[in-house]
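One chain, chain A, links the two complexes that follow: it is found with chain B in the first and with chain C in the second.
The block that comes next holds the complex of A and B.
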């Protein structure tokens, strides 16, 4: 095994420990507040799904209506959980890969605090009906500069770390983080300026909104998630990434294509027809970077996939990677008019969004958090059982959501396409599937409660202090690493 | 859990001395930071796939883009537009009202000026004010009628074989549109239009009449009107009753 990486030297260990210590508080701050938001977001998701299935429930209270619960759910999921988890992972990865200690921990925490307060005000405003009803940016217009500024501070810190980097080669994860840090301010400011400030036609606002949603996925969730996967997979498998060239191509293809997507959400909509057409073509071309990533991960992990049985980080990350690839194929398929006339504007869209935000991004973030937190808190995850619970409940629920929402979409879309039918009848056709949505969110809420509990234990330093990682299928102390548990380490020593 | 030991290792850790011997085990056991390998054989298959996907995307764009024509939206072949949506309380789909209904309704409003003499029924007052119904002045050419509307008329004059002496005041102060609407109204509501005639008077027609006859400050006498042929119509295009636009233009 000439590809296998060298064992770490004592000096390396000291250096890494120093870096981990320097990022400890900002990263933990982002992770714990993100996990809190996640729990709230999944509860809101459950409540909104219940409201969809039983609209007459709690109907005296507008705060508990679907129209106010659902945007609050999506906003807390995106800005509360996903982006903050992303910040934590970005900071830690950037520090580790650039081999620099973080010197502005207080600034980062302050920015994180501003972010949290802004998101709190925004979610409360949206929840009580003061949102601007543009999906994913429905915070009241006066809030975005504050989010923008705190993001700029975080992104600026990442840039500074990158400038101070010590290693010569830039690893692909660093590229993705650097790019995502720069892309978000661009799409966020553009969308907010056009939608909230420059006025203009309402149709175009909807178009810009769709552009923002797709670009938040391709210019932020995808690069940040991939930066983490590109780190976790080779790190745990103990091999270099399969192909440097593929990684490079994947990165640049994403960078070139992502900005064109978005209008495919309005195929056949009231836009000049080349706009949805160009977005749909970009979505189809997006198969290329996604395929490059898939081949690269498969090549890296091949022959060592039994590690997934033991390492929670690898298992969550690989699950996310699979979801990412399925998403790429499904969304390309549904950009054909013959398909989208059945799926467009139905629950299927929600299914696809959850697939990428939760199935891919959140699961990859869980993987990274399971990897990072023991290193920065100097203790091990308390319970393998709870990790197992977290994984199975989450993955089962996500697959349920995606599958049932696509079925619901097909059931609805056929009815919406028939213009002589009653619109409410089309809505009702999805009703049975919505029950599955509610059950799935309930499962995810339980899984996340377990995750939140474990994370808080780690935060307060109450994790296990014994030797050995918390592996999914081994008792603590039985194996030194996932590799040893899977029997690879001995094999290698024998060969050496 | 050994309380003493864990406190010590945490102290070490926080003081900048990574406690490699006992705590911070996770950092010790982890592998070096990942690097990228150089397997480039796979690139060939990627490029081959890229060709296929490019073709797919190109075909897609070609099929849906309408050649960058910025004014066209994509319409699926065989697409049938849905009827206008139901509005609460309505029993059927809301139809676009034909233009003529609005035009007549406005004319009826303006006719409110006329009912003191001609009555809401259009019958007039026998012996005092002539009827609009069955009047050859109303049913005939629009030029004569427009002259009466613009400048009024002095008696005596003959309507349907009866002579009337009351003068009719001039209504030239009304806008061309209002005059056109009220003329349309009395012709279609009270008059009897010959086969093939809609009876519609447009704003443009009244404008022509005003240019031709509007300078006269005093009311007409019957002789003045009789000098105009009975079937002389004001020039103007035929109107599509649904759209209010000249026939053949939409």
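The block that comes next holds the complex of A and C.
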């Protein structure tokens, strides 16, 4: 971060307060509606896992079959929660880093409203049997222009903020946000046009679908998540990032590799064989940018990791960062034929997708939300206990899901690979793990109920009205920042 | 940075557009213009003049139902070559091994579909060649109505919404033979709706084992499957 930002003069404080006031309503709108969607998504995840374990349960109601619950769960998780939480974080970070006030709050909220209504129609449609079995893009064809337009309004406002920014160095978070805002409409439009509106190659619509899924991860979830982590970590640790050069290299390496991924989901699929091969290679090379991020974060945090004990934002962000690195390694491994013959098309696929969407992206977003909301509402989180509850239940459950799904994948994939055996062995071997999946989603639902409750309290301005942030393991007012709580000498406070 | 800004935008655009063109647009155009290839006489294929043979949209409805029920989330339609998995060796998956027809799936196999339902996970069987494994319509109907009628351990959802329970008049020919705990009360029968029939049509059309024009006999595969 530049020198100028660290000088917390009275004028700066006033300016920041004005920016926070200007983004208050759009950001809160996106956060609260996202949290509502998240609760629904986790309930749907629970229900779909239960249906896998007990297929005849609730049989009278056709919309409660796994094939409809699961896509409704993923769509509400991605479009309802993840992307909207991302919008909120993007808007706040962009305004803060560019030092500009948001002038079009009403437009942003309108776009957000359209987005919510469209996602609602889409999820209900998929849930009640009007989906198209194209993972993550299975809303009925008539809905995508509406999502596209409301996204364009949000992305356009972000870009305008970037153009209006005050002179000064551009921080890596701004680059990530700008890039994510720019890339998504292209991916989304390409995928929808090819899948829904052209009568071309049937097999390529499946290929484009897989490409869309991975592009959504690497061109959107990863940049937005990293933009937040690159802001939160140095801010709370109280020192600049370890290497700006490394951050830059990581950014461009990700940008160059991301577009080539996707076909690795269909290794050995009915495509010209260079296509899955090049995607697999891109996924393996992706270890470079991910490693760059790891080195940078570790270098920034090292020696001050005790701050994680007190600061909820840092805790969630670091957990997300660890998951991100593990994901990079595991997905690279699974791009080798020896591994993919076992893990491809098994529960491990689901485990990896949940790992990046929930383990990395959502956890980083929670970290950002715990940081941002007190600053725009001028009150502090009501209960540190509930934050702890949210963190531990989410992290235990997410580790459970990822680990169990990978083991389930190995068991199931092993049974399928044993070609002379009964196929039902694969089903039988998966059953126990599916029960764990259901329990984990139930735990996450509980954790998110606590999160939603706290967020609504903040929304209505019923938070704690003291100076001094809500810190884990400290009573209110005991320490004025995580740095003070951890006993580090601070010249400038973390609160800014 | 003001000067760098156009370079920044250009970089972002290039990073996106190059793979978009090379990985999506060009293959898409190429694969979209794939036409049926005629068999040569040396291919020795009976009753077919080209692959894939072109047929009308009778199964488009079936595919829509397959998609809307989310079947593709649990069933793949993709047989991997032997270097990427053991799919072809599993009995019936790669095709009709008895006639030496087992092979991995090829882009042409899906030419008659709207979308290729390659799938997301294999919670259930691969369906690329289900049409060659099972030819009896009643088998499909029982499976869809409640898969536990055939395998106690199956975790497939039951699609009772595709079937209609009606008072027994003259016994319908296509009524489901339900026994044991699945039987309906006396004086009623369960018959498939049009949707169920369309879906079964679609499943019966899943035969991706035809010999490709110019393809050599797949000795290795035939050997493995006859050894079973």
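Here is the rule we go by: the second predicted complex is superposed on the first by the 473 of 496 C-alpha atoms of A that agree within 3 Å, B and C clash if a C-alpha of one lies under 4 Å from a C-alpha of the other, contacts with A are read in each partner's own complex, and residues count from 1 in each chain.
Just so we're on the same page, contacts are C-beta pairs under 8 Å (C-beta built on N, C-alpha and C of every residue); 3 or more make two chains touch, one makes a residue touch a chain.
Small disclaimer: the values here were computed from a predicted structure and weren't measured.
Could you tell me if A:172 is touching chain B, chain C, both of them or neither one (first, second, both, neither)?
After superposition on chain A, A:172 lies in contact with chain B alone.
In the superposed arrangement, does A:316 touch chain B (first), chain C (second), both or neither?
In the superposition, A:316 touches no partner, neither chain B nor chain C.
Answer with first, second, both or neither: which of chain B and chain C does A:270 touch in the superposed model?
both
On the A-aligned overlay, A:324 touches which partner chain: chain B = first, chain C = second, or both, or neither?
Touch partners of A:324: none, neither chain B nor chain C.
Quick one: classify A:488 as touching chain B (first), chain C (second), both or neither.
Neither: A:488 stays clear of chain B and chain C.
A:337 contacts which: chain B (first), chain C (second), both, neither?
A:337 sits against chain B and chain C alike.
Is A:358 touching anything from chain B or chain C once the two structures are fitted on A? First, second, both or neither.
neither
Once chain A of both complexes is superposed, is A:70 in touch with chain B (first), chain C (second), both, or neither?
second
Once chain A of both complexes is superposed, is A:259 in touch with chain B (first), chain C (second), both, or neither?
second
Quick check on my understanding: which residues of chain A belong to both its chain B contact set and its chain C contact set?
169, 267-272, 278, 337, 341, 419-420
In the complex formed with chain C, which residues of chain A make contact?
Residues 51-53, 55-56, 59, 62, 65-68, 70-71, 129-135, 169-170, 175, 178-179, 182-183, 186-187, 190, 194-195, 198-208, 211, 219, 252, 255-256, 258-260, 262-263, 266-272, 275, 278-279, 337, 340-341, 344-347, 349-350, 412, 416-420, 423-424, 426-428, 430-431 of chain A touch chain C in their complex.
Can you tell me which positions in chain B touch chain A when the two form their complex?
Chain B reaches chain A through residues 1-2, 5-6, 9-10, 13-14, 16, 18-20, 23-40, 42-43, 46, 49-50, 53-54, 56-58, 60-61, 63-76, 80-83.
Which residues of chain C touch chain A in the complex?
Contacts found on chain C: 1, 8-9, 11-13, 15-16, 18-20, 23-24, 27-29, 31-32, 34, 66-74, 76, 78, 80-81, 83-87, 89-91, 104-107, 109-125, 146-148, 151, 153-161, 228.
Which residues of chain A touch chain B once you look at their complex with the stated criterion?
For this pair, the touching residues of chain A are 3, 5-8, 10, 12-14, 16-18, 20-21, 96-97, 169, 171-173, 230-231, 234-236, 238-247, 249, 267-274, 276-278, 280-282, 284-285, 287-288, 291-292, 295, 299, 335-337, 341, 374-375, 378-380, 419-420, 461, 464-469, 480-481.
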